[in-house]
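To keep things simple, chains are lettered A, B and C as they appear, and every chain counts its residues starting from 1.
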Amino acid sequence: MPQMGVSVAEGTITAWRKRPGDWVERDEVIVEISTDKVETEVPSPAAGRVAELLVEEGSTVDVGTLLAVIDTGARPGQAHADESTGNGNGKAPPVSPVVRRIADEHSVDLAAVSGTGRRGRVTKKDLLAFIEQGAGAPAKPAERPLHSESPYREEPAPAPAAGTAEGEQLSVLRRQIGEHMVHSLHTAAHCTTIVEADMTAIEAARGRLSYLPLVARATIAALREHPRLNATLEGDRLKVWDEVHLGIAVSLGEEGLIVPVVRNAHELSHEGLGARIKDLAARARSKQLSPDEVGGGTFTITNPGRYGALLATPIINQPQVAILDLEAVVKRPVVVSDGQGGDSIAIRPMTYFCMSWDHRALDGVGAAEFLGSVKRNVEGWSD
Amino acid sequence: MATTTARPAPLDPHQHPAHEARLTVDDRRELMRYMLLMRATEERALTLYRQGKVPGSHYDGRGQEAVSVGSAFALSPRDRACILHRDLGAHLLRGVRPGRVLAQMMGRAGGLTGGRDGNMHFGDKDLGCVGMVSMLPDMAPVACGLALAFQMRSEPRVAMTWFGDGSTANGQWHEAMNVAGVRKLPVVFVLENNQFAYSTPNSLEFVVDPIERAASYGFPGVKVDGNDVEAVFQASAEACERARQGGGPTLIEAETMRMHGHGAHDDMSYVPPEMLEEWSRRDPIESYEARLHEAGDVDLDSLREEVKAELDSETDWALAQEMPDPSTATGGVFATEDPVMGDGKAPWSRWAKEASHA
Amino acid sequence: MPEITYLEAISDGLREEMRHDSSVFCMGQDIGEYGGAFKVTDGFFEEFGADRVWDTPLAENAMVGAAVGAAVEGLRPVCEMQFADFIACGFDQLVNVAGKMYYRQGLAVPMVVRLPSGGGFSGGPFHSQNPEAWFLQSPGLKVVAPSTAEDAKGLLASAIRDPNPVLYLEHKNLYRRIKGDVAEGRYETPMGELGVAREGTDLTVVSYGAMVHTALEATEDIDGASIEVLDLRTLCPLDRDGILESVRKTSKVVVLHEATRSCGVGAEVCSLIAEEAFEDLDGPVVRVTAPDVPIPFSPPLERAVLPQVDDVKEACRELLAY
């Protein structure tokens, strides 16, 4: 199990891309791994034939655990020409004639039988053992009923408050997100502060681009002013970071959410930030992120606003101390001052910046000062 | 007439009248009859071949009738024969019906091998014959084995086999000669030197006349005019007698000429015309006919008619035979029993008494 | 039952048949007073005489051809090739004359050709061959290859009494290495029936001759797997039912022979299984054989060519894990 970033201690095998007997090239994806921080594809460290897989799919093991053995002395051969055609793609290899025949005779669904053969093949032994356990319905000739026998079967007692449909198993990533969020709620003293900001300057500056990089840039500037928000809290140790490693939450749709990190974001312009965010998001969706790109963040921005939501109270991405939530930019009538005491009502693109912060690390004043700083930077944006 | 080139001293019929193989008028008529029957059968076979009724190739022994008939005539019923494809006369003499030969050539069920083999590749086990194979002279070692059995059982019997001039160039010929000499086997080797092994003349087959080699194997070699049926018979009878008496093998070289091509497909372009012309003047049947005519003992005209009538009815019989059932092709590869070979016909009057005792 | 060597069992079987049936006789080079290159006929010359123990000239075709002639005349010759390799010199008579005799003219040829075969002792390219497959392509010849002393005697008796030409492969490497309890007197091991050298349920090793012993040693303990070892005993006619029965039980098959690979007995067994037991297979049918090369002389080279215990182990392990 590779070290997935600094703070990751374990990982879960979500899917093996190769099976024993398969040929794997160096840097070809061999396994998909999920940690509390990331779901990623792990490239093979060497070329060779997969000799053995030591950890089953779904198992979680510590970093450093041996996952598979690759025979680097082997040679790719014609006999394995079918490998590239995708037998390794989680699909079971073809079954032998005798297995097919016995399965048919016993009406066994071979997908239900776990195979111990090469590449997970269901062997005759596996199948016979499966049938022995009574899983398969042996194709016995129907017995004629005895005098004492009837088709009558007692109805089972009604189940208490039967639920809806069977439901489906949460994905590994979903479960990890869940554990992570619940853990955060249980750990941090969550408090949410909201400010309203006029996005006119940003709207003018962004053109057809997303406002996210510009707001991120404004946020980074505010973090430099208020470094206690750019911090991590583990146990009773608060670490205030000089560099800003900015996490950007990226939705993977139904699969879940991932937070790649723009490292040393304080060194980047809003154009640089834009490019990095775009790259990270794309790679997050294609599961190409490296473990270090999803760990080590010091502050997180989440951005569900484009879906029209107005307000939210986000959960802090532990062990950070605050998370800024960007909501929809909506045109509203607002009172504007002309600077000479004259007020008027104007239509302005407005938004709310909602920030959850950890009361263990700071107090409301700090949060408000920081948000005020973000607001000023946004409203006073100039390239 | 017979020239001898090897030791031990030959039994010359002229010098040793006691051993002279006597031929009666009836014997001479039989010699003539079988030569005529052989020629007639082969001529009929060639006609059938040209009519498209004979699959594969077609071989005959035109011009060599005196060799096969003269030599086989010396055999007793219990003697055994491994006969060459130029020697139909020997088969007929031992009792094979011409119709079965024609059916054999046409691949009919009624042929001697039921369609399993063709042309002259057969031997009727019920008539004491072991059929030849295409590899020559493969039957020479086999004949040694037959003779070995007679010798081991102390039976006064003889194995006779025929081969051509080309065969003497093959290693198996040497193996057979040597083994026969070493064990003094009761075997008679008849070399019919018909001048060509397919298209290859003697001069390209060997330097030393094979008859000269007999001495080196320790048994007599006798050269005879292969177109003189009685000369062939005398040499053969003498050789058989020697073998029966424990005197061991004999090599007889019958000098003759293959008057047809190697097979019916062969135009013989390699044979000088004058050579054919010369040999045609020595045709064995015409020569013998002249001799018998002179003696006036044999009614040749009735004999010819007899032969023709026999051939006509045999041909009708052969043409009436069905082709073999394809389902029989795969059976009979392995024997489930060990049938005993039967004895052959022996028309020579000498054996008539013995046969009546049998 | 006395324990005797494979070699003694062959002698014993031949002697018994010769004592019982005066039509049985031997032919071969140096088999007379000398008793043969491998001493199978040791003492025969004294007991049966020069006629029935014929020390032949160096002429394999004449020997086999004469055996054919004697056989059709009612004798039962037993030819000894000094080494199986030399049957190439008598090939024509066996294949063209003996093998086709019954089919063509209904004339049975009850004869035996003994073939001291096989390698493993630096015999080199001309004294180590396993020529059995040559004859499996020649209809009309039966082929047997005993692996035990008991079968060596019993199959020789069956071969002699059979009305067909039978090639009797006796493996030189078993002559004095293998011993077994062998019944006295005459008995027959039926031709065309395989023997089960060891019963098992997980995998079948099909073999014959010396390789049966290699198979037994190699499969004594492969991770506790239950491995069946079949001893074909007769290669023609092959015990098809016996092979298929085992395949249907174990579903995994390794075919092992010392002879070269292509178109060998193993290929025939594989084809049989593919044709008749396809739906019983739980893995590819695997061959362990010598590669298609002459048998080299030098020990390391010869070991590299002839199947070894470890080769069989590896093949079985691979297939068990399939």
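We adopt the following convention: a residue touches a chain if its C-beta (ideal position, glycine included) is under 8 Å from a C-beta of that chain, and two chains touch if they have at least 3 such contacts.
Everything numeric here is computed off the predicted structure, so don't read it as measured data.
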> Should the pattern of chain-chain touching be classed as line, ring, star, complete or other?
Replying inline: line
> In terms of C-beta pairs in contact, which of B-C and A-C ranks higher?
Replying inline: B-C
>> Based only on mean CA positions, could you tell me how far chain A sits from chain B in angstrom?
In response: 99
> Between chain B and chain C, what is the separation of their C-alpha centroids in Å?
Replying inline: 40
>> Averaging over Cα atoms per chain, report the distance between chain A and chain C in Å.
In response: 68
> Of all the residues in chain B, which ones touch at least 2 other chains?
Replying inline: none
>> Show me the residue ranges of chain C that touch chain A in the complex, using the header's touch definition.
In response: 202, 251, 278-283, 321-322
>> Using the touch definition from the top, list the residues of chain B that touch chain C in their complex.
In response: 80, 112-113, 116-117, 121-125, 130-131, 133-135, 138-150, 152, 159, 171-172, 174-176, 178-179, 182-183, 332-341
>> Under the definition above, what is the set of chain A residues touching chain C in their complex?
In response: 96-101, 117-118, 121, 123-125
> Where on chain C is chain B touching in the complex?
Replying inline: 25, 51-52, 54, 56-57, 59, 61-75, 77, 92-93, 96-97, 100-110, 139-140, 142, 163-164, 237
